[in-house]
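Labels A, B, C and D are assigned to the chains in the order they are written; within every chain, residues are numbered from 1.
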């Protein structure tokens, strides 16, 4: 679901870069120096998982995207975290690209921040394991649907005829979204049981309370 | 095994200061991504190929990267000409392929390959932490750099932890299937590694405190700017200027 | 050696990592029912590698591995092996990855295709065997070092294996946990290969002892 | 005990995690210049906790900690302590958090307020001490286990501490690296507390040995 090098015209790519710069500034402001190791280790775990884990889906398998989870755990810091992860992906595997780095960051990180805004607070208030699972699932599904919408918007803005690519990707993407929801649900309900304080961490950033 | 290795080597490109390489790559990529007539794109592709040869990029990994990009491009060549309305260039099985669609697909393909080649040759050859520090010298915010360096430092550590746990799961008879048990197990694996990452983050923070960290990150790596770097800057400027003048001089370019 | 069929036999097995010196060089080894074989050797001598070869997590460079009367070569051959040969990892944190003890011990039986009810019974039985019954709902991650070791062992026993491969099962345990593991191992009917640095421990627990030196099995010790 | 002032002294120190049984209970301990004290005990007996209390990463529940002739209570008190007491962590991957050896070893000196030139010299000197000079530009995560341990030690030595606290410095090393660490520790002038499971190692390296049992220092061993 990356936007490949060369697809986006300069104006669209520039808009993406500007939006990303704003989001990154927000993310960096919400983070203190001593929170950097924690943000980096969490995003490294998420990034590594998205490379290593292959969820079986029909005859094939797919990697989880995990931007809903990243939003729940990192809040605004998800934006710089995704910028770093996507830059590394472009360098190491040529997924995405350098001119589309801003667009790809927005596509992944904006839904993460939205998930944080919607689901983090209910998750911290929730007392039931099954509710935690459902909230996690909702976050996973919401993030992937939003990402798809943004990705489609970028392609259509880049050239009206690219809508055919969007149409081709729609059905597989819905299947991936369902799986991502289940997977995120399981991860969140595990964390809820074992380490419930983990969902408070993005908040300590903004409040400036010591970790 | 490491998942964070760059294209190491000892070529002329590898020896250049990473800072001008970053600037040149960015300018080149942005320029190529603009609307350009074919001769400019062809020149750009040529520049990319020359850089890849100078950097002696290993054939197999480079081919894999280009294949990855060009599979998508092949999809564009199949879909765009058949769905974009316009004067047909030719038709296969009475399915018309429009000239406009072909033009669009060809433009994107040329742009992508030119940028990927230059990007891989100039930046894919920099050791990744050096790249981070070079970006720091280029005024990228310190916190973003430290986030990058920490992520890089622990990516392999976490990757190994994943592999160890996956191996232990396999040893207990785990075979991935499309069922809830599989998803739940992978979910546990992911969550367990998040918990362990958080605990490691605390220990890393402790280690930093023990070495006098008081809230401000101080790291530093110097770079040397040699005469060969000045030559590189000069050549890069000339190439970019030539491409730019070609773009504005040719019919079809912006007036 | 007894004349009954060995549970597992390694014949001329060698292993090396890519572009490195061989770690194991022409290993011959057989494990018979009822045997508890101790395996010693310096760090890096290939003890863990040997255990991983037996369950097919690594593939030998040459030689043959026969387990339960069949040669085992490919990944598929080892699917059956892994259900009947349990491997205890050195670090319980590598073995335990579920939220609760219950889920972790049930993981193996569920992989074996057991239904929830059967798995539940297997969990109960295995935890009772290691003396940890009643702790089903504890968070695995919060257990002490000794408890984690016992739960790891329970995750294997729940699969009702014929053979146990134990990688330093006594390492770092406090005296009560050490004693508990020791008497537990003596009471289990499975054939075992036990890797350890602790000669005194192996002396009391195993029926014979071997030492890995420079990639070879260097003769039995008393 | 000698009559000169101890470098550090713990008097009646107790520690427990919230809502848990005490890990350390009324600990009394002093370290004098030139001493190398070995500290043994099972997993979870509080050895690491003790080291973390000394550098102020944990705060004791009761009791007093005097280091370098001053009582130390608050975070700020420990800033000076951490510049003069170096703690080697169990896992070098926790300690080495920078990309290259050079940056990692320079991190401490830079925090001590040294300029780049001075820090550079400190790095050079520390790496030479552990026999790793010339490896300044190596990528940290490409180092072997033994090299990581040596570089970790160099990160401490670069700060020129008076005391070293070493948490299992020999654990998991292959025989050559083990020997290297052993002779290095014998050659260093600093007073040390060395935590280990390895009695033989402590026997050859330390001047006296203590054992933590049930939260108490259970008398010196020979």
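Some notes on this structure:
We adopt the following convention: a residue touches a chain if its C-beta (ideal position, glycine included) is under 8 Å from a C-beta of that chain, and two chains touch if they have at least 3 such contacts.
These numbers come from a predicted model, not from an experiment.
C-beta contact counts were set side by side for B-C and A-C; B-C has more. Between chain C and chain D the CA-based rotation angle works out to 175°, given as a multiple of 5. Chain geometry summary: the mean Cα position of chain C and that of chain D are 35 Å apart. Centre-to-centre separation between chain B and chain C, using Cα means, comes to 43 Å. Chain A and chain D, compared by their mean Cα positions, are separated by 40 Å.
Residue positions of chain B touching 2 or more other chains, listed in rising order: 4, 128, 150, 152-154, 188-189, 191-192, 195, 200, 204, 208, 213.
Those residues of chain C in touch with two or more other chains are numbered 99, 141.
Counting partner chains per residue, chain A shows two or more touched chains at residues 37, 190, 194-195.
Interfaces, counted as pairs of touching chains, are A-B, A-C, B-C, B-D, C-D. The residues of chain C lying in touch with chain A in their complex are 99-100, 139, 141-142. The part of chain D that touches chain C in the complex is made up of residues 42-45, 172-175, 197. Interface of chain B with chain A (complex): residues 3-4, 6, 25-26, 29-30, 32-35, 65, 68-69, 72, 75-76, 79-80, 83-84, 101, 104, 108-113, 115-116, 119-120, 123-124, 128, 131, 141, 143-144, 146-148, 150-155, 158-159, 162-163, 166, 176-178, 180, 182-184, 186-195, 197-198, 200-202, 204-205, 208, 213, 215-217. Remark: chain C residues 52, 55, 57, 79, 82-83, 86-87, 89, 93-95, 97-99, 103, 107-108, 110-112, 141, 155-156, 159 touch chain B in the complex.
The residues of chain A lying in touch with chain C in their complex are 190, 193-195.
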